[in-house]
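Two complexes, one shared chain (chain A), two partners (chain B, chain C).
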Partner chain A sequence: MAHFTKATSIHDWLNQRLAVDSVKKVLATEYWIPKNINFLWAMGMILAVTFGLLLISGIFLMMYYKPDTAFAFDSVNYTIMSQVGYGWLWRHIHAVAASVIFLIIYIHMFTGIYYGSYKKGREMIWISGMLLFVTFSGEAFSGYMLPWGQMSYWAGTVITDIFSLGSLNLDGLVQWIRGGYVPGDAFLNRFYMLHVLLLPLAVIALIVFHFATLRLPHVNNQDGEDINFKEESDKYLSGNTKSSKVIRFQFDFLSKDIVIVGFFMIFFFYLVFYHFEFAMDPVNFDPANGLKTPTHIYPEWYFLWTYEILRPFPKNPGLLAFGFAQVIFIFLPFLDRSPNVAPANRRGIFKIWFWVLIVTMVILTVLGKLPPEGIYTTYGTVVASFFILLWLSLPIVTKLEKPIGSKK
Partner chain B sequence: MKELKILAVLVFFTLLTYWGIEPFAYSKMHKSVAYTDFVYSDLPALAKVGDAKRGEVLVKGAGACLGCHGIKSQGLLPPMGPNAAAASFGVNPPDLSDVGTLFDQRFLAELIKNPVKALMLEHKFDGKTKFFPMPAFAGAGGDKNQEVADMVAYLKSIAPKDVSAKDAFTVSCGRCHANRYGDWTQIGFVPKTKSNIITNKDVDLLKFKIKTAEYQADLAKYMGKLPPDLSIMIRARSEDFMKTFVENPGSQLKGTAMPRVGLTKEGYKKVKSYLEETGDPSKSAREALGPWVIGFFVIFTILALLWKRSIWKELH
Partner chain C sequence: MAVKKERRNFLGLALGGFTTLGGIAALGAAKRTWDPLPSVMAAGFSVIDLSVTKPNVLYVAKWRGKPIFILKKTPDMEKNPREVIVGDSRYLICIGICTHLGCIPSYFPKQHKFICACHGGQYDSNGEVTKLPPPLPLYIPPFKIDGQKVIIGESSPEFQKLKAAGLTA
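Showing the complex of A and B:
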């Protein structure tokens, strides 16, 4: 047993029992981040803050929400929106944050792809991030069921139908997932449970895991430079802070993060107060009605690109393509055969691949919202096929890439 | 400088995506239809100058309007309550107190002369096998156009200059549409009743609910379905849809049982403001709080920037 002495202060008392000084060092003051970064490195912090907003607003909403098909719609649209003090504010924060967090997730992901932050020891960072993305997608989808509007009901119908797996016709599985032939009370209740308990727990656990994966390989930097963290941190600690290539997490990195979080919050609350409609689809302000299919059914914007990979094809190939799109990102570290860890603009042909991927996904996103009629279906088929080819070509593209000379 | 370039790329792709999935996609999803700003140019203008005195005699005459409609502002109650009226006609005929202000005069004149045309319900009531409950005015023996103009003049003369948003809604929409967030049912506002303190049951409320349900059953039979509750319709439909639909329902929903409403532009604004009241009640609170929250984060960001500079002085 450790030797305890009479504490000289509260800090000392805690330090003897919890080693708060060492913990602080390890997690914050001597957690080293490269200095050569830009504001894209703050996306993780923005995600953490936005997740916090979702959690807090969600707690308040949960106090008044009723997971019952008879009451859900009015508990959201009437009770929370007009009877609860500032209920409207919590709801708009929750809805806007749920949408904007995906914008930041995509920026975070594409930052990782652009700078090659998934390679050479950083594979687990990428994989844990993608698991987080998948889990968070489930969180978003389950939350979308809760207001029990027309889009909740019909999106719930369409997405759970996917589990019949096309011509396998696993209708029993679909009914088992729904707890009925069509989405009903059991369906709403289980998605409520998923949304407020199981998936948030998984998300929080994965966030911790995601942080842990950063520990050994360290955060990447703008040039993909292989920094000797031991050497550089010694330099910093001996007072050469200006020439050191690393900075402390607390408060060097944090102070920069907080500035960017500040800018983000201005943008975020502008959306919450003046431009929230994009995050709250008008169709979902009609109560769920199993006898009246809406003219257009589409998911929230962040799922549109995968939806468009599912939709234009016939049933079975569509499902295969959809499955492909769902999992392919996770294999990125292994599909990229190039040894270069560098920003895409220095990687020759990969640079083109990267920007073509972005443009393809934007086009798929827009097509996903357009009615699947006439020429749009043709466009959808072509672009979705192109997306698959693009990923299949990645190993070849990266094999052709020349190693960058001055590798350390 | 480099960071600004990165920001420009982010903003570009974000706005491009936004444009594609919002304005562009909606322009493809929703057709744009003709809209005349509630002018009703398909209906003839009044050919004659009406005389309210003569109109009063016609409106109150035997076998005329009062056989079905009430004019509460003149102390004239309808011959039937809403339930009996719905059982007979399918829907409760409107009270005529405010119609002179809310509805366009061309529409009113046509409604008297040829209701099915005014209401744009030719596809529903062909006049051979299916008849609209309100008969066309056959004339009282004189110049029919003059008589119609007189009746319209009378209705305008008794109508209040200003109708409240709530009344505009209940008269124009409320006999077919409920608004549960505004406590409105098709037969009136939900009455203030009390539960029996021992049984904890509110018998009067239950009776009212039964009457409402019976009315709705008759209405649904007449309309083909129960018209939707309008509590938050203002958020479920776009501004463009709302006004074009109210002006000419068939333009947006071909073959709909919803009649043309005939509201004036002012009347439509009143109805819309009531729908905003029930469907978006937080609007004023939102607009009042917004600048404070955003102002807070502007100051927060400035302070954060100063703090960051003081720390990074040692690092660069």
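Showing the complex of A and C:
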């Protein structure tokens, strides 16, 4: 190329320099989405939108937040909440979005598991998704440190202590992570850096990567059907839109997506204005005190199930179980030995496995919130062990599964 | 014109080598930046006056940002090799941090035990574990007895003896 003609319009001017038409085709107007999907396929877009809300509200919170152990608590609970005009709004949006995004992430993940959207070419979608989950967990944890309340301090203590790796007693590593013997000023500042810069950058990069991993395999559909995208899109482009199995991303699929996003926004802002308190733990409204542990420490709801896998066991086995629970999901595409890409309800015992997994995680979540006493500790040990057995049994369960003759 | 492959390989290796060296140096600098500051690490000593303690009342002092538990024992509490004897009183002196994941246990004077709220661990009045998950008894910090005072952070023959006997890590 490099032969430029006098532009006939702004569009033409840009097109000559940036090939906007081709880019738009590849990314949007000729990125094909199956017709045979449902509202659960809008969760990805809801996640992208909610992440946008976190970014915007976070920018405003940064204008008054002070990452200093002497001022952090008041800068949030006094300055932002009662002095800054609409400061409370940004804080409520940020807190509610941080909590709700995990609800949507879990729905998004379990949709993927239910429809088998992690295999036969979709492994990288799943792996990039899990990397997003891990990075997002780090983002949530680092953000939780910032108000420097009692829960910030003690969650920070307990979680960084995990890096002493039990009987290995790597106290030096823990002190290195903290920048001191106990969480202090250096600790708060480095987690502030992670929360407002490094981790968001990583999340944005991973979202771009996640989208890239979707481009070639395309999204799955309600029947796990192996669609010939070339054939179906040709049908669509030749005007045969009715009988084609696919639609354009822009604006066909996008307009459907936006309807679901709209419903979500109503729910979301209802929470922001009328029910924000579920996202703000009352204990964190006491300033951090290194000499007094709150009577009962628990993480935010979305970490409760992993917490309950750490808690009921003795220290070393507890850490091993916790590590297992943290990484096992990422291996799902390789633990599932069945060739079937189909909804779980057509996959025989995998259907039972799927629902039992959900129930187990819900029970672990409930137990994680209860005080670690008496019979609850016993229940915790049993259910947490069961969770591990469930995952270890997956290769066998899926090996036993009968192949389903490719449908249609 | 023939391409001089060797020349190109050499340039590639040289560039790669220097970049790797620079990268390693930068990682080293990054690691050092994350290190705790010397002022934070500088060993601190805390001097605690034992004459103010009362039996079965937990006294909490601070040493390097951590709580130090001092418990003067009552006569009905059993003798234990971990206790520190000062004059005619027996004491539990330990770091008040749960050996499981670092919470601060609370003392319940009536039951003579420490309970950790985080994951339900329990210790008796000798700092020994009576309920899991904590893997070890409460740590005894380096200490030195000086009359009615105890200096935390400085070692002494008494402390070395406890350590040698494996009574604290």
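Keep in mind that, in the parts below, the second predicted complex is superposed on the first by the 404 of 408 C-alpha atoms of A that agree within 3 Å, B and C clash if a C-alpha of one lies under 4 Å from a C-alpha of the other, contacts with A are read in each partner's own complex, and residues count from 1 in each chain.
As a convention for this text, a contact is a pair of C-beta atoms (placed from the backbone, for glycine too) under 8 Å apart; a residue touches a chain by one contact, two chains touch by 3 or more.
Every value quoted in this text rests on a predicted model; they were computed, and no experiment measured them.
Student: What does the overlay on chain A give for chain B and chain C, a clash or a fit?
Tutor: These partners fit in the superposed model.
Student: Just to be sure I read the superposition right, which of the two partners does A:296 touch: chain B = first, chain C = second, or both, or neither?
Tutor: both
Student: Touch check for A:11: first (chain B), second (chain C), both, or neither?
Tutor: neither
Student: Could you say whether A:154 touches chain B, chain C, both of them, or neither, answering first, second, both or neither?
Tutor: So A:154 only meets chain C here.
Student: Answer with first, second, both or neither: which of chain B and chain C does A:275 touch in the superposed model?
Tutor: Neither partner.
Student: What is the contact status of A:169 with respect to chain B (first) and chain C (second): first, second, both, or neither?
Tutor: Second partner only, chain C.
Student: Is A:230 touching anything from chain B or chain C once the two structures are fitted on A? First, second, both or neither.
Tutor: After superposing on A, A:230 lies clear of both chain B and chain C.
Student: Looking at A:181, would you say it contacts chain B, chain C, both, or neither? Reply first, second, both or neither.
Tutor: A:181 sits against chain C, while chain B stays out of touch.
Student: Quick one: is A:314 in contact with chain B, with chain C, with both, or with neither? Answer first, second, both or neither.
Tutor: The second partner, chain C, only.
Student: In the superposed model, does chain B or chain C contact more residues of chain A?
Tutor: After superposition, B is the partner touching more of chain A.
Student: Using C-alpha centres in the superposed arrangement, which angle lies between chain B and chain C as seen from chain A, in steps of 10 degrees?
Tutor: 60
Student: Let me test your reading of the model: by the given contact rule, A:259 touches which partner, first (chain B), second (chain C), both or neither?
Tutor: first
Student: Can you give the closest approach of chain B to chain C, taken over C-alpha atoms and in whole Å, for the superposition?
Tutor: 11
Student: Both chain B and chain C touch chain A; at which residues?
Tutor: Of chain A, residues 295-296, 371 contact chain B in one complex and chain C in the other.
Student: Which part of chain B faces chain A closely enough to touch in the complex?
Tutor: 2-3, 6-7, 10, 13-14, 16-18, 20-22, 24-25, 28-29, 180-181, 228, 231-233, 235-238, 281-282, 285-287, 289-290, 293-294, 297-298, 300-301, 304-305, 307-308, 311-312, 314-316
Student: Once bound in the complex, which stretches of chain C touch chain A?
Tutor: Residue list for chain C touching chain A: 34-37, 40, 60, 62, 64-67, 99-106, 116-120, 132-135, 169.
Student: Considering only the defined contacts, which chain A positions touch chain C in the complex?
Tutor: 154, 157-158, 161-162, 166-167, 169, 175-182, 184, 186, 190, 290-297, 310-316, 318, 371-373, 377
Student: Please name which positions on chain A make contact with chain B in the complex.
Tutor: Within the complex, chain A touches chain B at residues 35, 38-40, 74, 77-78, 81-82, 88-89, 92, 103, 107, 241-242, 247, 251-252, 255-256, 258-259, 261-263, 265-266, 269-270, 272-274, 278, 280, 282-283, 285-286, 295-296, 301, 304, 358, 362, 365-366, 368-371.
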